[in-house]
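Following this message is one structure expressed as structure tokens.
Chain lettering (A, B, C and D) follows the sequence in which the chains are written, and residue indices restart at 1 in each chain.
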Amino acid sequence: MISIKTLEQSFREMLRIRLFEERVRREFGKGDMPGFVHVYVGAEAIAVAVCSQLEKTDMITSTHRGHGHCLAKGVEIAPMVAELYGRESGLCHGRGGSMHIADFSKGVLGANAIVGGGIGLAVGAALAAQTLKDGRIAVTFFGDGASNQGVLHESMNLASIWKLPVVFVCENNGWAESTPASYSTSVSDIATRAAGYSIPGVAVDATDYGAMHIAAEQAISRARVGDGPTFIEAKFPRQVGHYVGDGEAYRNRDERKNARDSDVIAKTRLALESRGVDVISIVSETENLIIKELDSAFDAARQGKWPSTDELEKYVYSS
Amino acid sequence: MISIKTLEQSFREMLRIRLFEERVRREFGKGDMPGFVHVYVGAEAIAVAVCSQLEKTDMITSTHRGHGHCLAKGVEIAPMVAELYGRESGLCHGRGGSMHIADFSKGVLGANAIVGGGIGLAVGAALAAQTLKDGRIAVTFFGDGASNQGVLHESMNLASIWKLPVVFVCENNGWAESTPASYSTSVSDIATRAAGYSIPGVAVDATDYGAMHIAAEQAISRARVGDGPTFIEAKFPRQVGHYVGDGEAYRNRDERKNARDSDVIAKTRLALESRGVDVISIVSETENLIIKELDSAFDAARQGKWPSTDELEKYVYSS
Amino acid sequence: MSTAVSDQMVEKSFLQALNDAIAFSMRNDFRVIVLGEDIAGGAGQGTPLEGSMGGTFGVTKGLLEEFGKDRVRDTPISEAGITAATVGAAMAGLRPVLDLMWASFAPNCFDQILNQAAKLRFMSGGQAKIPLVIRMAVGGGLRAAAQHSDTLYPLFTHLPGLKVVVPATPAEASGLLIASINDDNPVVFLEHMALYRTTGLVPVNHEAMSLGKLGVLRPGTDLTIACVGQAALLGIEAAEILAIEGIDAEVISLRTLQPLDLDGLVACVSETQRLVIVEESPPRCSVSADIAASISELLFGHLLAPIGRVNSAATPVPFSPPLEDAYLPSVAKIVNKCKVVLSAV
Amino acid sequence: MSTAVSDQMVEKSFLQALNDAIAFSMRNDFRVIVLGEDIAGGAGQGTPLEGSMGGTFGVTKGLLEEFGKDRVRDTPISEAGITAATVGAAMAGLRPVLDLMWASFAPNCFDQILNQAAKLRFMSGGQAKIPLVIRMAVGGGLRAAAQHSDTLYPLFTHLPGLKVVVPATPAEASGLLIASINDDNPVVFLEHMALYRTTGLVPVNHEAMSLGKLGVLRPGTDLTIACVGQAALLGIEAAEILAIEGIDAEVISLRTLQPLDLDGLVACVSETQRLVIVEESPPRCSVSADIAASISELLFGHLLAPIGRVNSAATPVPFSPPLEDAYLPSVAKIVNKCKVVLSAV
């Protein structure tokens, strides 16, 4: 069992992500955020359990649903929000947007809008760490949908034969857009696929923060000491639409309702309370802090400068 | 155990393939066969066990090492040899050559020079059969090297969720060019990967014809009755170089020698003899028949007409 | 409705035209099946067949209900596997219509397109027949950024063995998709996202348009604006602006990039002697370069001005709206380019 | 050897030049690693490190012995996975040199090339740096047929974010490969198989050639023959034949297709006023089309004849020798095209 302190700290972090994402949803509704966004609501335990146990120099690759990974890895809010609005002060100077948000200074090698796109990049990052013997490790997050991309198979094989310091984290929310994993995926625990690559695979209930934390701890320490890759399947039900604005007409009402009933933040809250923690103050503290930060981040982003069209070709090549 | 009759018949067929391939090697040495060729020596049990239990309308996809599959599926020798020489009378009118040899009239949807290229095509052929409800099944042959291509993973998943009538046959000869499977492949029995797709997987000693035959029988009958895909890993040691002319300098001498010691044709010969069959007559009969056929096929191919360069663009589009 | 329908037209959206064309083809030929990620969508959840998504843009909505699960299949996210499967299925007797969602995902199955679909007929000496349509949404403007906005027009056009279709209007969407499904070759069918909601008149009788004939969307005598797909709408707007200044521009929808109606183009440009090509792709080795090279050669000495090309910028597609706008071809850029071409002696 | 080596040249094969360039770069920078299928080959079998294959053509032979297994890695047959890994490794501090064997296998990792390597720097607003060289053998002539003979020159050149290098001589192989490994961008380095055994003089000091400058292999005043990679050897042969007839052709190796030395080309063609482009790729949306379009525009009115283009046929690459010969550009085709271009007034 993890310590109260860890649980409390992680709760704060999960709540921060939740509040960020709920705010993004609301602001998106105003219609001035370009493109489309996918929020991390319900998955918070995964990013927090993993990233809170990484070093700043460790590297992660993310997905189209990447805000949670960024926040958990220490990326600052203001430049994230500016990126969502395509401003010059954004992390990617407005070139990437939500689906390509990246912060190399924090080890975030980028969200990736190609489903499965980040998996192999993380394996490569781990190869670099192993070759340079600099102690870094890499983590790749990807969805249940992405688990049917061939590059996962190739990447697991590579990571295994080279014993690379990488952790595969499959965020199984049961859906890929409108397609249920139960239909598209030929196995009930995706983690069982890891055995085909001699990689330890574990399926975890990602609505149980403690379990998620321990699974992440073990995987990270395996990677850190040179024992090679681990595959974590983090299971949780998708609480929200695929993208902000998705009405989920294709989805059974009961299933949606049940999903909301096993929310990790609510569950962690109960767990903390049952261990005597004053959750109400933690919540209001966290809210106060982040709401201010968000207010000013959204204001600044909306008033931020657009990238100059003179610099359209600026980042195509490095010179 | 399989019947003597079946074993004898299969022995004839394996011998035919062996004699064909040995002849190809010799003829290739003369320098007038264009391109490069890969022979099926040592793998004969696989093609024969599988294809002898298929219907003519069943479909297979093959590899760069496809002569054995063609012969076992009933393709005629003369147009095969003509294709190896790039003649108009070849199966593909000289457009394909050894690595792309195909005979749709016999259900051979083509050798494929992209490692792993045929796997998904067979899944699609099985999809057609299932949709058209015409009773056909499909088989895909591929190597241990190909088993690390992502498309195998995607194809197994598809075949499984759709319960397609397809058999995956992994010909594990221990090598992919100069790369040993023990190095490149993260699991000792590739067949164990099938479990990740809820597909029955079986590893078979392909130098034991009877075992191979039974494994094929079970897989084919599963497909035929609508029980879905099976994965067979047929293990045998590569007896020859990767391509004709490969000196295998990269390979350990003892390992090469051992490979030749467990030859399926020699072993089947002993098995037949021990069951009282007059193998010497079978061999000489088979030799007599095929040598004549080969003589005339090679003569005809060498004297065959080249494709007309006026028809260079003929088969790009169908009209 | 029962007589003389052949001249009748009905107003519908580009999206509806595609949906109707697929349904029409499926009714006519049981071998036609459709498949792709989310093209039925959520099927099997809750009340059977209800609320199905019909693909990201809704093009395949309703097909599941009419044709059932065997002919309308959601797939896993496995572009290589599903594309290979459709190539195999086509060789084995079906006529699949595959939805790849965005063209930017096609690189995931480029082996299956380039080495398999495009080459198998040739390599097999004419044995393989691959009646396969691969539909993809292309193009920018949605602020979908670099990995969701490619057109890849030139990449597909470069590959012998493929046909490449780029409808610009609902009528073209209908006629060209029906023709593509009827065609015995692999056809890459590229639908610009900005077109789905556009509307126009479409023949009610679902007539196929021939692949390899351009369409003149607006006649004109002063110069020719040849457009790839959705760019034709920009071309027409540009022509209208030019018309105010007394310039009479002809606007062409190329309709198919392979086969390309080079004869038709030469005929048009022989008259106007001035050509601007508009294409939403980066400029290098592009369709505009391809056409400019051919027309420069065929009409050498007959052109009154260098051929003008309006392409996307030579960058990945940026997210930020002003950058994306600067990246894309636009009416203003076309008007300017036309003026340059017209001002040359 | 110790003084004034800068002018010294040594005769070596194209293959040896590549091998030396890689070894040189690996000695200079510990971040340079090489990997690919069979590039060490059989390592670990039998006597350690003995008999290693060094790749299909032997380009990487001996590197394993000098640099060890951590820096010289055989890979499984997983083009997508290994390419993604090199992109990730490049972003994380290495400078990988990846061998994909044949360019025809690159479609297996087209997502990694097109959506990842080429775009990540741009999408990340300049954060990602991807010093990656992807080497591939290209081209026909080996009777290797459709799935082993593509060049794909235009496909790579179309993609902003990549550099594309096509050496024609051992000196270019050396200078351009060193420059490519030094470059901080993803570089697609395309080696025509017919070149490996050719020999020529190479500077002993391993000087980098700049990416983006064409090379004049043969000066000439009557027309310019601009060639992509190995086609330059055909161009030179053609020029020699033309010389017998008193025609003085200039032969250019383009060296890099991206960046393209358009200024250099304009300078050359301004002099000769006649241009033939030679490229072993099918013609549509090709490099020859790209260059013809640009030069036609930039030198409009200054050319004495339409630009001539010699490409491969518009087919997959056939197996049968006479068909493959008919498919490929050839000295005879170049000579003929030059004469056509010269006969135009």
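The definition used in the following text is that a residue touches a chain if its C-beta (ideal position, glycine included) is under 8 Å from a C-beta of that chain, and two chains touch if they have at least 3 such contacts.
Because the structure is a prediction, the values reported are computed rather than measured.
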Kindly list the shared contact partners of chain A and chain D, in label order.
B, C
If you average the Cα atoms of chain B and of chain D to get two centres, how far apart are those centres in Å?
36
Between chain C and chain D, the Cα-mean centres are separated in Å by 32
Separation of mean Cα positions, chain B and chain A [Å, integer]
45
Where chain B and chain C are represented by their mean Cα positions, the distance between them in whole Å
40
In chain C, the residues touching two or more other chains are 75-76, 78, 80-81, 104-105, 108, 111, 115, 122-123, 145-147, 160-161, 314-316, 318-319
Counting only residues that touch at least 2 other chains, which ones in chain B make the list?
92, 94-96, 100, 112, 114, 117, 148-151, 153-154, 157, 161, 183-185, 316
If every chain is a node and each touching pair gets an edge, what shape is that graph: line, ring, star, complete or other?
complete
Note which residues of chain A are touching chain C in the complex, please.
34-36, 86-87, 92, 94-97, 99-100, 112-117, 145-146, 148-150, 176-180, 183-185, 249-255, 306-307, 309, 312-313, 316
Seen from chain D, its contact residues with chain C in the complex are 104-105, 107-108, 110-111, 113-115, 118-119, 122-123, 145-147, 150, 154-155, 157-161, 258, 260, 281-282, 284-290, 292-294, 296-298, 300, 303, 305-307, 309, 314-316, 318-319, 344
Which residues of chain D touch chain A once you look at their complex with the stated criterion?
31, 33, 70-71, 73, 75-76, 78, 80-94, 111-112, 115-116, 120-130, 160-161, 163, 184-185
Complex interface listing, chain C residues touching chain A:
37-38, 41-46, 51-53, 56, 74-81, 104-105, 108, 142-148, 313-316, 318-323, 325-327
Quick one: which bits of chain A touch chain D in the complex? Just the residue numbers, please.
59, 61, 90-96, 100, 102-105, 109-110, 112, 114, 117, 119-132, 134, 136, 138, 150-151, 153-155, 157-158, 161-162, 314-319
